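Look for chain A in each of the two complexes below; its partner is chain B in the first and chain C in the second.
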Partner chain A sequence: MNREGSPWTGLGPVFGKELSDQLGSVRMRILELLVLIAAIGAVYVASQTMRATLAQSPIAFLQLFTTAERPLPSFVTFLGFFVPLMAVSLGFDAVNGELNRGTLSRVLAQPIYRDALLMGKFLAALATLALVLVGLWLVTTGFGIVVLGVPPGGEEVGRGLLFLLLTLFYAGVWLSLALLFSLLFRQPSTSAMVSLGVWIFFAVLWPIFAQYLAQAITGPAFFESSQIRQAELATMIARVSPSTLYAEAVQVILHPSVRSLGPVFYSQIERALIGAPLPLVESLSLVWPQVVALLSASCLLFALAYVVFQRREIRA
Partner chain B sequence: MRKIAILLLLGMFLAPAAWAKYTGIVLSTPFPDQTVQSGRTAVIPLTIHNFGVDPQAVTLKALSVAKGWTAEFQGDARDIGSVFVEPDGSRDVSLHLTPPKGVSAGQYAFRLAAAGNDHRAELPLTLHLAKTLPDWLSITASLPTLKGTATTQFSYDAKITNKSSRDILVNLSATAPQGFDVAFKPQYGSQEVTGIRVKAGEDKNITINVSPPGDAVAGAYDVRVQAAAGDTRAGLGLHMVVSGKPSLTLTTPSGVLSGEAQVGKTEEVKLVVRNTGSAPARNLSLSADSPSQWKVSFEPERIDLLPPNQEAKITADIVPAARSLAGDYMVTFDTNGGLSRASANYRVTVMTSTLWGVIGILIAATAILVVGFAVMRYGRR
Partner chain C sequence: MNRVVIRTRALAKRYGDQLAVDGLDLEVREAEVFGLLGPNGSGKTTTILMLLGLTEPSAGEIAVLGLDPRRQPITVKRQVGYLPDAVGFYDDYTARENLRYTARLNGRKRAGLEAEIERALARMGLADVIDRRVATYSRGMRQRLGLAEIVLRAPRIAILDEPTVGLDPAGAGEFLDMVLALKHEGMSVLLSSHHLHQVQAICDRVGLFSRGKMVLQGTVDELASQVLGASWRVHLEAQGERLAAALQAIPGVGRVAEERKSHWLVEADNDVRPALVRAALDAGAEIRSVQMERPGLDEIYANYFRSPAAGAYA
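Then we have the complex of A and B:
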């Protein structure tokens, strides 16, 4: 059967309602407050460290995000931790919550298609995240201007915006996943636990598994060449995890001097100017696979959730 | 015998007394018979003495003058006709004897007279004209020919000899090619001097420093040094051979020493080799110090001859290795001409291929298309 009518019908109202619900929810406010405090703390400590140790650096604003001072992790590490958490908390009960409350059939009784409902929920959650992230970025940048006393350069702003976009893609992956689980499981608590479990598995356990998996596949590595092959394989396996992809991408975007990910041959760094910043375009092209993978993963997961939702009997 | 002895003794006592009692006017010159340089005015010092006579004006006259010569009396730089001498006084004047043009060597006799009121003195004077006088002032160098480059300071050791019986002040001067700097220094001193005092019968060592201009063309140069004391001169010819040296610089026409290159693709870099030295550079070879798997070639690979103040254009083709990382690498271009070499550090920003970027966009587009397809396929009413 072919569909009739536009999938966009009703998207606007759903998006608007969802957005106002998300922004007004106590859950989001608590998370936002938590993120804001953590981020300001990290950036403040970083700025103190930079003032004490660094001379004027051309990438001072990027260092503001990446400098870590014990015991606080850096701003970027904080975001890498909180963004999946926020995405999951925005998505884990998107559909099954409504189903349990019995509001889903009512909404669908309106001239709103299922497409629009799912798309609206997804986009509203993403917009919420984007609002939080942009706000956070503006606050930290403004803070940086006050503390460092210089405005950020064009390249720094560009890299900062790319970092934002990247974080949004990363959030999109976890949001799609949580949305999918909210469809697969009837109970919101189940979908929340499964989402968080998957996140912890990929963020914490998978990088460790990747090492052993690579060793198991290639066997013991005695020679340099097989060691390199093993290291490359481990990197490739680790990249299945969105957390690894995001960490790599952020590392390259926020550190202009990073020129390669994974093992590097001596012949490649011979006579290379170590520490010379890469042009923004080159940094982007270096992490382009990661960016594309994150974007594609969120698209495909959403497509999967969409298919599951469309084939589900929801009136029961 | 005794009488004779007494007479002799008496004579010894009496004779000075008799001289001391001489009265009258005396006209004298230290060397009444002397050799002078041909072709120049001879200056003869004269002294008029008044031994115990009344103060009076004494008229000076040249009684007889050799044919064609002119005689002038001068005192205190003015022409004079007479001098005034007080009792037991004396007055120094000089007699300028100017020979006629084309005078030949030989002997010329003059007769001078000084006439006072009652007394009169005469002085015969004989001049021998010689083509050349024996030198009493000379300047010699132990090593008059030196070799060096345009940036060398040529240092000559010279000796000024004064064979006369007077202390003299020797003025030093030099004529050198344009741009050459000549300085005179005492042998163990650092001050530059233009003159030096040499005692009678002694000699003085001096150092003559000649600095050619830095861009002096290779070749032989002569510097003429003159030492002058009064009207006597001595010359010294110094010879210097500037061997010249090529001096190379390597840069790009615009002076910008950085550029971009695509991985695996040829990037052309224009280079300029300049010879700023004073001698031609020969057989210049070009090489590059680059990451080991890069290819760098030059067109032309070699310059046979690069004259001074000329430049040669070279094209370097850089091919970054296929596995190069994006970012900055240093390539050092080097030109070597044996005597002189130059190098330039060129910073290459390696850009990676945009092919993967296009593929990535295609993959992302496919993912979005999958969503679109799902919407088309599974959309329900």
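Then we have the complex of A and C:
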């Protein structure tokens, strides 16, 4: 059945309203403040360590993000923790919140399609995250220039931007998931708890399960070949989790010297210059599957949310 | 007779094995107030959502302004204003901001919009609170804000779902007067309610709903004569010997009953009061008072479900 008109009618106003709501909301302010403090702390500690050890490295700015000094984790680790939290907090009450306030039926009675509402909410939340991430990156880079006394090189900026984009894709997965749960559950508190539960499951429990699952599938490994097979299987199972995909991709993008994910044979690194950096394009092609997997996971979840929303009864 | 603006044929909606709306034939005409009346859960809101294309019908046909809301939902929604049951607004926004958002969703340009918003709100008596957050609004103010939204959009049809629920009698009356004013400007209004007596005053025609079926449709007077038979009930206080026979002999009189001593109830199919007085005087009776009672919708509804015709549903 053909539909008349464009599904994007009304997307602009919805996007504008949601964006201003999100940026002005108390919950976002608190998270922003939290992330900013954590980021500055991590980067500061990292810079202190770096000043003491390696004075001038060609990838100093990337190390700023990845160096961890006990007890503080690195900037990247912080982001990997806060980004899903932010994404969930932006999306968990997107639809059921409107349903409970009685605004959903009124808004959908306007001459727009449901597409515009859902897409507008998704894009506005993503834009909010992008704004926060870019701001954070600029602040930490500026901080780095002051502390390290050198500007970042072209490749460092490129890798930094790629890292931002990657983080945004990762956020997109959790945002789509939260959006989906905001459709499936009536109560915002339920959808928030379920979203966070899924996140904790994939971020914390799944990598542990992956080990045992691989062992269970392959059985006891006595020979080297079967041990390798088991390790590879464990890695593949772990990659079901978006957190694993993100961690792997970030590791490669921010460490130019990383040339492989997973087990490597001695024969493979024979005559290789250990620690020599890979060009940006090579790093990118190494994690291309991870990037595509993250992007398609968020697309898939959003598509699912879209289908659920089209069939949703909207009476309060 | 005015043009038909909403028409449904054998419209049905099934949730699981429960029929929420069952074979509904509905007609709403231009510039009339049509009351969709019935108890909660009788299928009124489901019907309204189907008219707006917000819920998919299971069977049947709908034409709103000649268009099918399933195929042309945008065009339909552009010409139909909707005030939902328990309408909600964005609490952190002012009335002005809420209306501005709706106007933008309707593709309105910014030029002249603010003045129109102010005019719409002023007309609903909200001029003083225009820049106050909606969180501070009372239930009645929210309803009027909803009506202001409809005024701003100026649609050809307004659909109001249970608009008087939660309003005090004065507020409800005020609200219904505003609805009546919209009708006089040529807007067609479909109004659902379970407060039968409250809305019967402003409805040109009503449809009585029960368990997903429209059991009666017409003007209040038509329904009264259909259900109560004789729709004119006159209370006569008089004393006389041969009064009962004399009253019974008047053309058009149906039932005559002496409710208590010298208090007579006369049911007739027209206004028999002059003939009644004459007959009573001719019979040598002393008349103390003559009062006519117009049956209300509540009574019609209650009577309908007591009558054998409704046996299938009751």
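One rule holds for everything that comes next: the second predicted complex is superposed on the first by the 315 of 316 C-alpha atoms of A that agree within 3 Å, B and C clash if a C-alpha of one lies under 4 Å from a C-alpha of the other, contacts with A are read in each partner's own complex, and residues count from 1 in each chain.
Simple rule for what comes next: contacts are C-beta pairs under 8 Å (C-beta built on N, C-alpha and C of every residue); 3 or more make two chains touch, one makes a residue touch a chain.
As the structure is a prediction and not an experimental result, all values here were calculated from the model.
Chemist: Touching A:267 in the superposition: chain B (first), chain C (second), both, neither?
Modeler: It touches chain B, and chain C stays clear.
Chemist: So, A:105: does it touch chain B (first), chain C (second), both, or neither?
Modeler: After superposition on chain A, A:105 lies in contact with chain C alone.
Chemist: Which of the two, chain B or chain C, is in touch with more residues of chain A?
Modeler: Partner touching more chain A residues in the overlay: B.
Chemist: After lining up the shared chain so the two structures overlap, which partner does A:288 touch, if you call chain B first and chain C second: first, second, both or neither?
Modeler: After superposition on chain A, A:288 lies in contact with chain B alone.
Chemist: Name the contact category of A:113: first (chain B only), second (chain C only), both, or neither.
Modeler: both
Chemist: Please indicate which partner A:278 is in contact with in the superposed arrangement: first for chain B, second for chain C, both, or neither.
Modeler: First partner only, chain B.
Chemist: Should A:9 be classified as contacting the first partner (chain B), the second (chain C), both, or neither?
Modeler: The second partner, chain C, only.
Chemist: According to the stated criteria, A:307 is in contact with first (chain B), second (chain C), both, or neither; which is it?
Modeler: First partner only, chain B.
Chemist: Is there a shared patch on chain A that both chain B and chain C touch, and which residues make it up?
Modeler: 2-5, 113.
Chemist: Of all residues in chain A, which touch chain B in the complex?
Modeler: Residues in contact with chain B: 2-5, 7, 113-115, 259-260, 264-265, 267-273, 276, 278-279, 281-282, 285-286, 288-289, 291-292, 295-297, 299-300, 302-303, 306-307, 310-311.
Chemist: What residues of chain B sit close enough to touch chain A in their complex?
Modeler: Counting only chain B, the residues touching chain A are 289-293, 321, 323-331, 347, 349, 351-352, 354, 356-357, 360-361, 363-364, 366-368, 370-371, 373-376, 378-381.
Chemist: Touching residues of chain C toward chain A in the complex: what are they?
Modeler: Chain C reaches chain A through residues 45-46, 49, 52, 54-55, 70-75, 77-78, 80-92, 101-102, 104-107, 146, 149.
Chemist: Under the definition above, what is the set of chain A residues touching chain C in their complex?
Modeler: 1-5, 9-10, 12-14, 16-17, 21, 98, 101-113, 313-316
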